[in-house]
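Naming follows writing order (A, B, C and D), and every chain is counted from residue 1.
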């Protein structure tokens, strides 16, 4: 676990030692871990979400919907605070060939309305995201599922069209919350679930009030009596409210005020390494990017350390032109890190038969905070390499329809995925292969890894794929960004804090407690 | 009185026509916005099939004029329709925010209108004295600074430094009236500071304009004191301009408070509208804009009627 | 000029103060590059550094020099507001005079169109239009100018209505003078004093509206320095008891107060109201 | 003590200053006057003489921007220039009252007449509200207001001007004050209304033995009202004497010149020959405003010949100015024809050619609103020359200078002035010059002298007469003033309610027998004989009695 400003364990997230020193905050000895305590009201503010948000998990996106969804409901599997896959409503799962998966459901779990959990509910909940008519945002994740069948009330059998060893990970996605089927056979989307809280009031874009479910099946979880989730999109207002004690936690803290916020003894800042990363994607099928030397020149032309320092204020880690973050399984730390090297960039340009290169890179500030700054810095870095990088600022509205995958060189951003296969399958093959990347070997490895159940062999395969993307891929990936958020000191959490999303993997409501 | 009713009906009809044109303008504006609701909702998961399915579901594949007519038909039958994005009936979506907006506006109006008229009368009464000049400079300053400046200053003073009032207006459903007033005090005060100046200055200016008229001189020559002159003889004749400016400011309190909502995280209509524009939620934008325009038109109508009622020349024709 | 100085010497203290402030702002706006210690969007240090000899007002959320951005902000904010107001006045006054002189259906058409625009909440309409045309400086100026032209139209029309009934306008009409001549020679010179006073007030409103839009992230776009967005970007500091972010807001306030003082004085002079003799 | 018994008001060396361009300038320069109980003093003078200022000063009141700078105003032993506010306030209504020039503007539009009437009688505790209302109705009856029981419960806008003026006199009487200041109470009224108001005022003042200061610029009026007359000029007293002496044997030259104003008469012109073609003629013109049900002009016919003046006379609302507007094409007739040199003229001025527009020019009543205050004299006069006659450059300057000389203004001195830098009479001359600049055939003069003092008006009339001879102009001369008609007209048209009552050569119209209305109009014009009012009233009463008997 990493906690900003405290002793850090060395290992795959050891990079953080550097960034903490950079900010110049003193390292406070970690206090002895307290035990979870029941009671209190937890008021937290999130910045993502709007008035039109619904409780339908097929439409879920953004902190408001996800956090409320997970307070009300559970998935079959979850990513634990230790970033490992854990059973949730499923007790266990098994597969011989990674094609047929049998999930055994937890017994004695009831929904808020008293209905016991059965395989029927699971199937109906997951079918929400399948089929022609589904408009679910997670439709593609279940595209490989051929059938879902019940084996009695306690078991669900998934048959996939092709093997996928990561299938249990997929089911931990926030879309796949389990809801009860009503008497009329319709899925209950009103907020009834098996989760640690029941819905008191739901005013999207304003405030959601949750009450603890006294019959929650999970041990030591759902500690607060009441939870108020506020939507505050103005970070200044949120910060003020946190400092004046009107709220207990904020979804994201602005880098610029961290220094000042850190001086407040009542406030604790968390900086958790995550998988969010921007990409500078080149259309590899078009000149000049069709020549891998040009792609390499652009990869050597960026000073990643400088970007982490200046754009992320140290709250992040340098990336290596592949999307597998240090917090993800199968990340290979032994792969050599690409460094800023204008000479090498020049060399590759020469190899491509060019003296200099002039390209324009599209970017919009709506992608992530500091996106334009990052590209502007990149432009400066690339000058010594003989690359004239023009910064093209695009409007935020319509960026994804008019710029993304339409321009030949553009900035994009990707959220965290629990396993490498998901990001590979989404962003490096298929419809959203934003850099038009094509490699036979990569494709073969990706498919083979899905059916490989031997962990060591799989690790090697994913390592090879990371190398391929690093050396041949069409995307420059400069860094992975940390989740930076803050809480009042009297709100506490366990030793580990999940890295898949902000606020303890969006499960702070269930995992944290008030001292 | 027959003439008044005729006038009222005329104005009302004109107001309805204006509303109709407003709805057309808003509809066309939204049509012109880049991207549509489907793209906004689906974001990165917008595959062509998904988009098509989503659009079909919302009826966005229909031509523009038939969508407009359908919306208009529903609206005329009192059916505000559903939010395109969430499918929630718009009334459910906005009713509470509308209430909040009116509550805050009403709160601010209750403080500011009497205060403004009183200050205006006092300033006119003690015209060109130090008191008048101080009121003038103070209100001029209040009208001249940006709303967010006023808001932040109040937050800094009352929330951060003194800890008297909360910095955000976190309302709960079951809050008592006093709690509500306590929590909305800072935003209401901000609005008060902003609108009072305008109304006070108009009150003062109309009174002073009247002071030059022969009938005021006549009253003075009949021996009226300065106070009686202003309150009894001048004020009834200044009702029309004062009410007009009050109407404008009340309308502003209701439609123009987005910035105050942002500063105090107040769940009113402004933020909803800004969100809905960003999300291209046409039905919500359309309905809210119409409600706002209707409010504006109604306030103007009311102020016209009050002006007429306060003027015997118009009320009792020869 | 001499006449103006003479007038000014007799003006009330508030008006003199207003004039000094406005001249100072204009000076700063024109000579911004020479006055500013750093480049407009040059990063000179860490974010939120306190006031010092180097960074007079400290640094902002990105480590840019606050004082420098204040100075450039004068240029951007005032320049854009001024241009917007000028356009609004040219359009609004022309249309208003047109309606007043021609009356009949031209007046009806223009007035009803203006009614429609005015009854749509300004900020929302601006938001819609800015989203359609993109939040560039050009569209910002265009959209705000259009919206404010409607207010100017009403005033210009009302003022012109008062002038059109004058016998000298009738004399010109009966003489056979064209529309343009009547608007330019008969109406404009006489409508100028109230319109100039109105210009001052409207300039303040435009200025505040643009600041408000910038505050909401729709106005002048970064990295151009602008007082409205400077407040928004740095507002978090207020939480920590540092009032530096309010300096740009105060700068906005000071200018509008100054302009209002001048306008007040001009209105007072124009109204011919005498001070009370004692 | 006897002195104090009879002397109510004693003004000594009164000096009042006004603020003008940040400097205090004297308006009243040391005036003395005394007023005995029951006496009526007439103050007379031209505009700027300081009569109103003195009248208000006698109440201890100065307008904003003015101040007492010397002397005293002793009312019943109290010096009002030094008394505190409270004392002065308490004297008003109860002991001193004021009747303003325009009753329509001086009644508060928001309240009913009777409430304004009783306001201070009740507040000062003179009587109860009920008593005050009953008394008001009595006073209304005494002042011969129609429906005295009911009229007080109307708002000011529901009552006509002459009635309002009487209601205001009633209001001044509400507390039976010792002194009433009448400030030009009949100036804004038509002559036929004026006579009623004058008689009402005189009667009630006599009845209650109230002292009064009666301010006016009209000698004939003051002759009817005052026991004593004081002539003022530029804030100084010229002379004062009892009315009889003053009228018959004025001492000062200035007074004599005032008395002699009506001396100008244009010389007789030969009859129009049978075959002469009129410059402009109206044939059975009927006109109507679109918003009104009734026509404002009904079957109007008249002709204008070169070198001759047609005076159109009538009271306000008679349609005389509307006739001019119809002729100008500003209010197109709904039937009838307008002919220019025998050719029909388009009803709408917009449809008329430049040459046609050029032929008919107009001079307005209010020179203030008729001249663009932002244009220099050379531009005001030069524009029609450029526009109609294409004059430019040197030719334009020459012509402009010649025209200015023609209207007796020194070109070098006035060419580059703005209208605000001219006196009222000079402005009117510029108005005339602008009309002449077009080299027209017919000039319409709409009440061109009624806003001017008599001496100045006389000058304008002489100028118009001179110009008519020089340029052989036809004049349409619109006026409500009979003496002006006598002075300048060749033909006279009498109008009432949008119709022509009588028309013909001047001598025919002014010698009996008259049409009934013409008779009323002519007999209502005040004469400088103190017994005139009594005579006219007596005549009318006997006529009314005769009419009653006949019936």
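Everything that follows uses one rule, which is that contacts are C-beta pairs under 8 Å (C-beta built on N, C-alpha and C of every residue); 3 or more make two chains touch, one makes a residue touch a chain.
What you see is a predicted model; the values in this text were computed from it and never measured.
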item: Between B-D and B-C, the pair joined by more C-beta contacts; value: B-C
item: Interchain centroid distance [CA atoms averaged], chain A/chain D, Å; value: 90
item: Separation of mean Cα positions, chain C and chain B [Å, integer]; value: 22
item: Centroid spacing, where centroids are CA-atom means, of chain B and chain D in whole angstrom; value: 50
item: Chain centre separation (chain C, chain D; CA means) in Å; value: 47
item: Two or more partner chains touched - positions in chain D; value: 64
item: Per-residue overlap in chain A, given as positions that touch at least 2 other chains; value: 234, 240, 243-244, 395, 397
item: Chain B, residues touching no fewer than two other chains; value: 33-34, 155, 160, 212, 262, 278
item: Those chain pairs that satisfy the touch definition; value: A-B, A-C, B-C, B-D, C-D
item: Partner chain C, residues of chain A touching it in the complex; value: 234-236, 239-240, 243-244, 254-257, 259-261, 263-264, 310, 313, 365, 372-373, 395, 397
item: Residues of chain B that touch chain D when the two form their complex; value: 212-215, 217-225, 233, 236-237, 310-313, 316, 318
item: In the complex with chain B, residue positions of chain D that touch it; value: 56, 59, 61, 63-64, 89-94, 97-98, 100, 102, 105-111, 119-120, 124, 155, 157-158
item: Complex contact set, residues of chain A against chain B; value: 43, 50-54, 59, 61, 132-135, 137-140, 201, 203-207, 209, 228, 230, 232-234, 237-238, 240-241, 243-244, 246-247, 395, 397-398, 400-402, 431-432
item: Contact footprint of chain B on chain C as seen in their complex; value: 14, 112, 115-125, 127-129, 131-132, 204, 208, 211-212, 215-216, 228, 231-232, 235, 238-239, 241, 243, 245-246, 249-250, 252-253, 256-257, 260-261, 264, 273, 275-276
